[in-house]
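Take a look at these structures.
Both of the next two complexes hold subunit A, though its partner changes from subunit B to subunit C.
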Partner chain A sequence: MTVISILGFILIIIGLWGMLTQKNIIKMIIGFSIIDTGLHLVIVSIGFIKGRTAPIISKAVEGLDTGKNFIDPVPSALVLTAIVIGLAITALMLVYAVKLFRFKRSLQIEDFEELKW
Partner chain B sequence: MVNPIYIFITSLGAAFLLNLFQKINRKIADLIFFLTLAVINYISLFWFYQLLQGYEAAKIYTAGFLPPYSINLYLGIEEAVFLVLINLLGFFSAVYLYKKFREISIKAMILYLVLIMGLNGLVMTRDLFNLFVFLEITSITTYALISLEDNKYSLTAGFKFIIAGGLVSTLFLIGTIYLYRLGGSLNLDFLVNSGVLNTKAGILATFLLVFALLIELKPFPANGWALDVYQSVHPGIAAIIASASSAAIFFVIYKFIPLMPSSFLPLLAGIGGVTFVFSNLMGLKQTDARRLLGYSSIAQMGLLLAALALIMQFDNLQSLSSIIVIIGGLFINHFLAKAGLFWLAGIVQKRNIRSWKIIANNPPLLLVFGGFILALIGLPPFPGFWAKWELVMQLSANNMMVWVWIILAGSLLEAVYLFRWFGYAVKNTEVEEIRTEAAQYLPVLIFLLGLLYLGMEGTHLVSGADSIYVLPVLLGVILYVLNWLPNKLKGSLCLLAVIYFSYRLLPALQDIYQLFGVVFLIGSAVLLITTFARKDIFKGFYPLLIIMILSLGNLLQAKTSLQFFLSWEFITITSYLLILRGKFSLKAALIYITFSLAGAYLILAGMGLAFRDTGVVSLAGLASIVNSGYIYVLLGLGFLIKIGIVGFHVWLPGAYTEAEDDFTPFLSAVLSKMGIFGLIMLAILLGEPVLKGIQLNYILGWLGVLTAFFGALLAAFQEDIKKLLAYSSLGQLGYIVLALAIHSHLGWVTSIYLTFTHLLFKGILFVAVAGLLSRVKTRKMYEMGGLINNMPLTFISVLIAIIALSGVPPLSGFGGKWLLYSSLLEKGWYLQAGLAFFASTIAFLYCYRILHSVFLGQPKTALRDVKEPSVWYIVPQYLFLFGIMAISMYPNLILKPVMSAVSTYFASSIYWEDYTVISSLGYWNGNAVMMVTMGVFMIPLLWLLFRIKAVTKVKQFNIVYAAERPDRPETTHYAHNFFAHYQKALGFLARPKVTEFWGNIAEVIHSVGALFRQLYTGNGQTYAIHILIFLLISYFILGVK
Partner chain C sequence: MAKRFITLLLIALLAYMFLPFIVEVDETSQLNRVAEKYVTAGPLELGAANLVTAVIVTYRGLDTLGEIVVLFIAAVGIGFLLRKPSKKKIAAPKRSSSEILRTGSDFLIPLLILFGVYIFTHGHLTPGGGFQGGVVLTSAALLFMLSNTEARFNKQLTEVIESVSGIFYLIIGILGLILAGGFLDSRFLQLGEMGRLFSAGAIPIIYSIIGIKVGMELIGILEKLRKEEI
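Then we have the complex of A and B:
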């Protein structure tokens, strides 16, 4: 466990806490965003190897054995996708928030409990 | 060879282009949309066909690298099946949604294409991260499509869904990234071999991954959001979520099984089982049709998960075909039926299940609805039936009886709410019409036909099945198509079919089986004549009736327990639907089907035990079981419930009374004997089993005599003539069971003899009552009276039948009583004999009451001009009457064949001298008794005729009220509350204690369901907490440390 991944998990827990305790829908979405950020940190930290450089082939690394000097490129690639997806979901959540607000003039999650049982 | 990758290329390409084409012409865009769906259907069907022919599975590598350096896809036969189904549903749901799509912008179509593509990807990909991407693609498009219905409810549901989905993807990603860290790969196949599971962290990562997927399957109780979604989204989208998305996720879980440690499987099975039972329990209280479908959908996916996890745990993995039958059957059954039902919900447009009665105006829709309901419950001829059968057999064979009970209990709960819903739909009182469009109607119909076809195919896959046993359904369908024919012609066709079937079947049957064949088939043939009196147009009556009658015949020739059970279920369903045709039979029919199904499930469980002990499904195999007490109890109880033995008789009076008048004779005279046949068959195969030192036949005997006693007692206090006869029928069946339990030659002869005579006199009585009620519009006896002059023919047949029933000389009933007491005394069951005798005296009371209240006494003003019922009611009565007279005069006509049949199993203890039958206790000469009684009868008759001038005619109401002021006119008639004095003495025995007992049980079960569904508070945040708690509890149960 690196410091970054621990930090990431702390962020995930903070975000989760926010999502589960905040009654305001916008605040819940912010909670979700924090979870996402923490998650991305965790993913990146998995691929990090101390003392190595970013997996970008450029003039600076010419001649070096990339296998031994690069960090693991896969998590970096994954995190890009994850960020995009997280963005899409956050955007969609906000759209929902706007639409919900138009119906009820409220952003409190308890105001949307008509469907139950 | 079309590379499956084109599924993604075409759908993504089309999705991008749609917007462009829409700018040119919306029609072209629509065409491209459907063409794309058609193309991906073609690709998946093509591959399915190729793989079936034995071609190698498709392995698709991307980016020119081999895995694990690239994402790879795999398309084998299992994948192909799922793809074909998902894409078919995708196409038809699009057809269904077309109108909605037209109303909103092209974006909905784009989203829809991407959703279907995502589902294809979920099925094919072997890469964890790619799986995550497809998971998110399907989730995001679903979130967006949910907002198609732009209302408050779908938006709230969608938001709750996003919160849950967000949690799921977080868990999934953490699991994925750590599996990558520990296993060094994202490829499923490489991970399986990487030894990642040897570490605790690896197991934890797998756990997170699997449980993220599991949440997507909506397990109880972490599924509140899903219910809201099902309830509020457009039914076309709900069909996709319930069937296609669930299918894809289920398949992903299936793909993950090799990666899971074996300790996961029991937990998965447990979660599935709990979900199945609890969802169905809570469904009991649901009145919103779509939410109800949601509960049912969640339950079915739970069952599927449990079945999969259980099969994987079997010590000896069964043959491939039985796995295909179980998983494939359950899956396809739910897939087609649930999608169809959601579509139907959109067509009907009614939220409350009580409002579904408008569907009754539209017979094709009603038929489709009924088909889907039967399929969901797992009744024949649909795939779910075979799957449940095979599942119960294999679970029993692997000693998992607890699971058998869990699955049967859940199924029963589901059957109750689905049949309740169906009942509301049948009872039409509205004039409102349903507007149907071909585009919406067609997909529903195609899916039902698919279900039927696959169900019929099931006969080839399941061992012990035979397509002969589903043939009655075919005949029923033909009759349904011929609905436009006049009723009498349809009835005659039915009659011909039954006669031809008897002609083919009866000679092939042996001894006792043949005798029951006569009861079932010839009895039904005679009763069929009654139905010729019908005038109105009635759909479905003859088709159901013919399926029922032919299945009764099939019951007798069944060689395997599956054939027996299949026919048994056919009879149960058809008789339920026929009872449901009665005007006010809603409640009675529901109680009937609930008890019948409970009984059927007991039989199924018993057959599972037998399969465990013998390893074969042949009925003859039962005879080889040594320790057969449990099997006897389960099967026997199932049969006794069908008979309506005391304690389980609560369904009987309602069903008999509320069924249509010309169907009740079938119930009493013919159908009630199938339980008797079952018991005899059981006794032939198992003998007299003992369970924990208790002679089971002794208990059976007491149950029989108590039924006889309470049946007679309750009959005596009824005002309703059909109810009276219903209880009387119950009492008579009690005698038959009692005689059967004696388990001796004389006992069985008595039992079968009583079966025959009961058919004859109850046939007469119920047909006579049907005729009576066709003229008199009340069932209350005190509102009738003096009908002897109006319907003399009916009176004579009822009189004879009642003499036969009460067991006084000279008619056949006397012989029955003589045989019964002889056999009881021979066995030494004196106490039982005494109680049986007492019950017979009570029988006199109610017999007298029918005669007196209906035919004698003062005529009612309103009924002065009533005429004899139509000839179609008279003919069957006199056919039966002829039978009674014949066997009363010449008892050997019936006793000889019965005795010879029974002597196959017991040494004979009675013998014949001319017309005299002699037992160890005495003799009976039916002919002589007849002559003597006739003589005794003739003398007073002649005397009375001689004195006829002394009779004074009395006008109606010419009586004196002895210090009592009558509040209503009919209370002056002492036919009202006829046996008030006996009621004072014995009424406490006739209180509806048993009905209260079962009522309380139903109440408690419903309350528990109501209690649990309080979990679903409607708060999205609470649902998220449910998911976390569910995860933690599962984790602790697993005990991963």
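Then we have the complex of A and C:
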């Protein structure tokens, strides 16, 4: 696969490591965002075809066969959707962090012991 | 120690899961059939120069409607979680913004609004579109919030504009159902000449509505988060 997808997988692994090892809730949310970014890179790299260009008709591709010169537009469209959803989810998680901080005046995960066993 | 081991194990398993993707999957050299159809028939059927926009707004219009609903639900959830003000109020010390920020934002805010509107009205021609334009509008609002710490956005107004644009989006979708091929079909208006601002049927209208809706939604979220005193 391309270098971009390998980079995306590395980002996903780094993000998961951050979510599992960090104790601060904000840092966990940052880990989630890193996973999100890595996933976007992987999806975009799936649609990429070597030697082709972005699916936008301009002077540069005028008269050429669009089916042989454009990359796949569907993964790009999916990533656009995923970025917006990721933004919404991140905002919602940050608001949960605000709520948790109000409840315990702390953002360290060790201070939330109610569901610990 | 056990915790660290489990973490390492999980990460190693995840990396192992990705291995076939990297080793076995070959690079694609051809478009699949769906993409082939979108790329070859898209410019002729819809008249949009940016084919990603054609996929988002018309071919997968229902997905975009769902995406907007998800964004709306997230905004509603944020409003629901922050509905009660905090009991213990520890307000951060207020101080007015600096001279540099105020002067800079006076210069930048009109340009940012213009740029946002440009991005979402030209979504069918150039890279960009409703979501990106809406976010640029939100960045103008954020700069305004940072430079004028006392001023408040009218929450009712942003909510009304957002709801009205949502209703218009659905009305345009139903118009496509009645006048053209199906729900959210953008071909009920003239396709026009490719490359012009007023071309590609209803795509610029739909994307402008999406841009306004997303912008107002995110400004609403910012406003809700700002007045919080933690």
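Throughout what follows, the second predicted complex is superposed on the first by the 114 of 117 C-alpha atoms of A that agree within 3 Å, B and C clash if a C-alpha of one lies under 4 Å from a C-alpha of the other, contacts with A are read in each partner's own complex, and residues count from 1 in each chain.
The working rule: a residue touches a chain if its C-beta (ideal position, glycine included) is under 8 Å from a C-beta of that chain, and two chains touch if they have at least 3 such contacts.
Remember, it's a predicted structure, so these values are computed and weren't measured experimentally.
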Original post:
Is A:Tyr96 touching the first partner subunit B, the second partner subunit C, both, or neither of them?
Top reply: both
Original post:
Between subunit B (first) and subunit C (second), which does A:Leu7 come into contact with in this model arrangement: first, second, both, or neither?
Top reply: neither
Original post:
Is A:Lys116 touching the first partner subunit B, the second partner subunit C, both, or neither of them?
Top reply: first
**OP:** Considering only touches as defined above, state whether A:Phe70 meets subunit B (first), subunit C (second), both or neither.
**Re:** second
Original post:
Who does A:Pro55 touch here: subunit B (first), subunit C (second), both, or neither?
Top reply: second
Original post:
With the two structures laid over each other on chain A, which partner does A:Ile30 touch: subunit B (first), subunit C (second), both, or neither?
Top reply: neither
Original post:
Can A:Leu39 be said to touch subunit B (first), subunit C (second), both, or neither?
Top reply: first
**OP:** Go through the superposed model and pick first if A:Thr81 touches only subunit B, second if only subunit C, both, or neither.
**Re:** both
**OP:** Applying the touch criterion given at the start, work out whether A:Leu107 contacts subunit B, subunit C, both or neither, answering first, second, both or neither.
**Re:** neither
**OP:** Show which residues of subunit A both subunit B and subunit C reach, each in its own complex.
**Re:** 12, 16, 20-21, 42, 46, 74, 81, 85, 88-89, 92, 96, 99
**OP:** Could you pull out which subunit C residues touch subunit A in their complex?
**Re:** 7, 10-11, 14-15, 18, 21-22, 25, 27-32, 34-36, 38-40, 42-43, 49-52, 54-56, 60, 63-64, 67, 70-71, 74-75, 77-78, 81-82, 86, 88, 126-127, 129, 131, 194, 214, 221, 225, 228, 230
Original post:
Which residues of subunit A touch subunit B in their complex?
Top reply: 12, 16, 19-21, 23, 25, 28, 32, 35-36, 39, 42-43, 46, 74-75, 78, 81-82, 85, 88-89, 92-93, 96-97, 99-100, 103-104, 109-110, 112-117
**OP:** Going by the contact rule at the top, pick out the subunit A residues touching subunit C in the complex.
**Re:** 1-2, 5-6, 9, 12-13, 16-17, 20-21, 42, 46-47, 49-50, 54-58, 66-67, 70, 72-74, 76-77, 80-81, 83-85, 87-89, 91-92, 94-96, 98-99, 101-102
**OP:** Spell out the part of subunit B that touches subunit A in their complex, as residue ranges.
**Re:** 129, 132-133, 136, 139-140, 143-144, 147, 150, 152-153, 155-159, 162-163, 165-166, 169-170, 173-174, 177-178, 180-181, 186, 224, 227-228, 231-232, 282, 285-286, 1013-1014, 1016-1021, 1024-1025, 1028
